[in-house]
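One chain, subunit A, links the two complexes that follow: it is found with subunit B in the first and with subunit C in the second.
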Partner chain A sequence: MTKNLLALALLGLSAAAAARDDIEVLARTCNGCHGVGGVSVGLSMPSIGGLPQKYLKNIMKQWKYDERSAITMNRIVKGLSDDEIDALAAYFAKQRWVPSPQPAAADLLAKGRSAVSENCEDCHGITGSDPDVDAPRINGQWAKYMELELLKYRDGKFKMPHRKMKKSAQDMKSADVPAAARYFGAQDK
Partner chain B sequence: MARNAWRLLTGLWAAGLLHSAAAATVAAGVDAVAPPTPPAIANHRCLRCHADPLDKEVVQPDGSRKNIYMDPQVFEHSVHGKVACNGCHSDVTKLPHKKPLARSIGCIECHRQQRDRLKDNPDPRKRERLDVVVQQTDNYLHSAHARPNPKDQSRVNAACHDCHDAHNIGKPGELQRKEHRLKNPEVCGRCHEKQKKDYLASTHGKAIVDKKDEKSAVCSDCHTTHSIGSPKGDPAKLAITQNCGSCHDNARKTYLASYHGQVNRLGYTNTAKCFDCHGGHDVKDAKDPTSAVHVNNRLENCKNCHKEATDSFLQFQPHGDPDNKEKYPWLYVAKRFMQALIFAVMAFFWVHVLLWLFREVMDRIQGKGFIEDLNQPDVVFFRRFPPVWRWIHFLFAISTMALILTGTTLLFSHTGWAKAVVVFLGGTRMEGIVHRSAAVIWLSIFLFHLLIAITSIWKKRKTFEWFGGTSMLPNWKDLSDLRDMFKWFLGRGPRPQFCHWTYWQKFDYWAPFWGAAVIGSSGIMLFAPEKTAAILPGWVFNVATLVHAEEALLAAIFLNSVHFFNVHFRPERFPMSTTIFTGAIPMEEFKHDHRMEYERLLASGELDKHLVRRPSRRFDLVASFITSVLIIAGLTLLTLVLYGIGTAN
Partner chain C sequence: MHSIDRRCFLKSISAAAGASVLTVPQSFAATPKARVVVVGGGFGGASAARYLRLLDPGIDVTLIERGKLYTSCPLSNEVVSGERDIRTLQRGYEGLARRGVKVVHAEVTQIDPIKKAVTTGDGIAYSYDALVMAPGVDLDYSAIGGLTEELADTRIPHAWKAGPQTLLLKKQLEAMPDGGRFIIAVPKAPFRCPPGPYERAAQVAMHCLHHGKKKAKILILDSNDTFSKRPLFEQAWKALYGYGPGGMIEWIAGASGGIVESVDAGAMTCQTTFDEHKGDVINVIPPHRAGKIARDIGLATLKGNWCEVKPESMESKAHKDIYVIGDSCVGGELATGNGFPKSAHMANSQAKVVVASLVAKLNGLPPPVPIYTNTCYSVVGHDWGFSVVHLFRVENNQWVYVAKGSGISPVTFGTKEAPKPVPRVYRKMEAEYADGWLRNLMTDAFG
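Right, the complex of A and B next:
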């Protein structure tokens, strides 16, 4: 009897380990762009490790179901099942957030901070490290990526479903967009 | 055994600590301690999320949805429109804030601080409203709402924000106030669901919901806004009864004049209150067949208290108004008759007293009249009253005073003294027992005296002169004596000479016969309402209540003013006569006051039979003491009664 129970337990453990291995294998396909553990090294490619699970899940499903515009991601996630999306979101959410602080000129940082405090702080926090429950961290996120995202939010042609983000981005002055992106990109903590 | 005792003590100590901790938690929940003021966050930043009409709800961690929307225009027009959001939501020290947000809204402390800040402001208008708000918060802290919730001791039964929509509070007279008032049943009904259901079916509820009639009663009109107590407690019952009268003023007035209302106004709830008869939340018009006071339901209603109530109870008018001639003609007539009687008796005898006083003072100034020679006090006294009459008078006086004291507390239940007396006696039930016991003593003495008098006359029936000098029956001489006394008062003739009884003594004697008939019979009716209603119509209770009170007032005022003057306070007798307790009157005084009797006895040779020695010093002291106490008690009662009459509304 005891042996049977042990065998059953081992079978369960090995099945769980297999499922974890599957997600890690699947996640490796993301590493090419988003880096190992979701820590990107590309200027226009965002880090995704340590972002909120709900945020990651929502954004991937929005791409999959064409609720959100993208150049490549919408095509990639269409190949994933909803369960795989959920698992990937959970996997990357468990990773550590590693900021990639990018230096910037002091005057640009000051201008960026001013724009951030006016338009971004209420959801992302003043440095981007203390976001609202469903908003992503963006301290040390790649500035170029953020600037491009802001432009997409500001451009009416792009399908960007987050109304508040869209409104905040559109409320910003054009000149503040790169400044805000560089400011957040420069933040370590 | 010792170990068990130790465990018990330890357990009690731990329970005490737990209780203290729970109390502290609750106090914190009601923001007894002011939270530190956080740096202000511009409201427009909060409104990005909280004023989004397309995204009014958020999903909470437990899966429930929560409305976070606030109409910015509504807020701007509220009294708090200029306050920073995190001035109240003080847990928010930065954005984005924690979720879910703790409810740490410091209404009470904040209003206190605002009031204290304006304490020294020379313009009192600036803090008038805050004074009201602070008073209301103090009331709230003592209310049932501020107590720990039985199901969750960490929170109170209802906090400020459970009732007040703080984002939409208007100044008195503003539109928000009207809206809040109309919403009042809905707000209270969130917790008090059954009461809300009953209320919405009531006359009050229909007027509020269907007609939007803001003048109709809402929950807070009866239960108060902040001093809300348990409806089972006396304070709440009294407050609710009082509050009904805020709108139904005439009903309140007539209720307070009834026995039910008098007891209620004394602070006791053992008699019918508004909601006992009319229903509470489900109060309906008397014409509504489902109303508790509809004619078809009224008897059952009465039977809630008067188990043996008969159909005659339906003729009783709980709100009978003796000033309403059209609706209650018999009550109107009874009141006018009693008032005329009181006015006539008191006017006549007070004029009599004043003129008598004037005459004696004038005589004394002129060195005339009866002046007792203090250097040669009388040693021979005339025996005027045997012991039985003295005892009868003593018990009569005591029981009369007890009746006046306990009866007038009801009649003048609006006064502080009445409430204090009832508390001293141990409540209205005890007061009732004292009153009825005194009434039994009073009536027994009256009947006992009657028996003695009749027996005495029967024994002397062959020789008794019914209208002679020793008879108490009024005769023509009394009329001529009265006329001659007025002549003497005005200096137009000598003081008349009296026989054994003077006319004012006869009046004092016969008055209790009338009193016994009126007060006694009405008192018995009120004492046994069910039995009375078995043979008499219910409206007799209205008449009985009125005449019982009016006649008692007449007796109380007459005895403690006119009787006291005639016997004790007129200058010839001042400060008192102890004859009624010693039974003996000084010979010279007897000669002066009852000259004809003296001469009659002297001529017949019977005088010696009535002569006694001066009462002993000890006996005289006892009699003086008793007389003094009774006079002081009587004057005190007179003062209380006159104060009650003067302050009645």
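Right, the complex of A and C next:
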């Protein structure tokens, strides 16, 4: 009885809900690399659940149209329609941001904090949880991933269209790169 | 309806509406709405069991797997070379048990598709409403003269099912002297992990290079005439280890005498169509076919070796309510040579297709639109990796390979006329991503 009612009630949901199922199915293909709900457990793979919708949409489109370099993602998004990308961005933006705070040595954290307060705080907030509209959250993001990303911003061989972030990254002393990444990676809030 | 039931009901509906119509709330789980049995707890079976419980806790899920500890084949070539501890690749089944999967460690010996029951070696029968088959592959030792399962366990390991043989092969490699020869015999396709043998060759070469064995040779005797991600492998082999005459790695195509027909474990030789090759280590990978239990019940409708399934649901073409995923199945665009690769990522993706379709069916909902994706990373040096991506969609009940959303890492940059080398930093990053990918994939499957 309940079973039938449930089915009926669910069937009664709108076409929009049915479309949302398809987005669930599509979003699940991301879990193998980014985790359920976009919460990654792999040190080099970013968590993506809870990132701002605009940011998500923007970078996936940049990858798709070859305006931005990537190692793997550019190939993956080329098979997706713009509508699918928009739906994925909306879907992952609705998930909760779950930081994965990673412990690091105190001196490294102190060094990172001072680099961040000098050069990064304006746009990311002191812990990375209070970003500008066009920036992602990075508190408790995986440090290994962020180091690789900073390398992309710093290395001239990657097309990274955000000029200001690129300049900030290039202005960093190379010893500050792992320190800043570890520092942001250690923040839970 | 009691008022309590009614409250739960309304809450559940709103929860369902808020999350997803296909994520069915727990409050209906009092009596299971269906029993699903999963045979085989590798990447395919574990993913199916976990996602069934994630999407609909009202379904009773039993996973039957003979082993208590699963060892991932992906990245196990790094164990052979000594780059990785095998324990980083091992997972138990506690994560699935915590999700409410009933985990049974036993050998499945019989399946009755009519009575819908699975029987294990100890005589216990498990009846099912739907059965997910994910028994992986069987290796056909009889296809190679002189080779037996016992020899594989002791002298001529395949190490194509990660575990003790992976460690045996590692030991043999460590004991190999400088100037020694390591033979890898590749079976006729399809086999699991199309780039796997060539990744292994690179890992073995890396070990030799770093352990004072610069004169070692790695000889790949291939039953096929070309291989997965070939330009990427050849480029890396050349740059890192030397490839071809005078290099560490040599590849012999099937047409040029690469097909190994028999082995002699006493003399440590491989006999091919044209030649005899002596090795210090002989790593023969026997031909594959679907797991025995799947063939036993007639699921292997393609040449008696592989299980054909329906694109929209992965349901077997032979038996109703039986779904076959992972290495045992065939799918994709076979006619254009773009079949499903036998990979852990693909098995995980197929599991999600089955689960979405089953959960919809068991809840009387319309079937969702399936999508299949794969990524295989290969790590060929400390800081050198690359990958292949696949995307398949289903149109008019047929698989369609989406070339736009598929492809290998770039071999060169620049233009065709004026190619430029891909910066090393790209290869380095991809090796890093491989590790992150595997950790997530294992968690996606095993919890």
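Heads up, the rule we're going with is that the second predicted complex is superposed on the first by the 176 of 189 C-alpha atoms of A that agree within 3 Å, B and C clash if a C-alpha of one lies under 4 Å from a C-alpha of the other, contacts with A are read in each partner's own complex, and residues count from 1 in each chain.
The rule is short, and it goes like this: a contact is a pair of C-beta atoms (placed from the backbone, for glycine too) under 8 Å apart; a residue touches a chain by one contact, two chains touch by 3 or more.
This is a predicted model, so every value here is computed, not measured.
By the touch criterion defined above, A:79 reaches subunit C but does not reach subunit B. Of the two partner chains placed around the shared chain by superposition, subunit C is the only one that A:29 touches, whereas subunit B remains out of contact. Legend: residue contacts after superposition of the two complexes on their common chain; A:182 is shown touching neither subunit B nor subunit C.
Once the two complexes are laid over each other on the shared chain, residue contacts for A:133 go to subunit B alone; subunit C is not touched. Put subunit B and subunit C next to each other and count what each touches on subunit A; the higher total goes to C.
Using the contact criterion defined above for the overlaid structures, shared-chain residue A:145 touches subunit C, although it does not reach subunit B. Overlap of the subunit B and subunit C interfaces on subunit A: none, as no residue is touched by both.
By the touch criterion stated above, subunit C contacts subunit A in their complex at residues 1, 5, 9, 12-13, 16-17, 20-24, 28, 33, 51, 54, 345, 348-349, 352, 356, 360, 363-366, 368-371, 373, 375, 387, 389, 391, 402, 404-407, 409, 423, 425-426, 429-430, 432-433, 435-441, 443-444. Per the touch definition, subunit B reaches subunit A in the complex via residues 45, 48-49, 52, 54-55, 94-96, 99. Listed in rising order, the residues of subunit A touching subunit B in the complex are 121-126, 130-133, 135, 163-164, 168.
Across the complex, subunit A meets subunit C through its residues 1-7, 9-11, 13, 17-18, 20-22, 24-26, 28-29, 31-36, 40-45, 71-72, 75-80, 142, 144-145, 148, 151, 155, 157.
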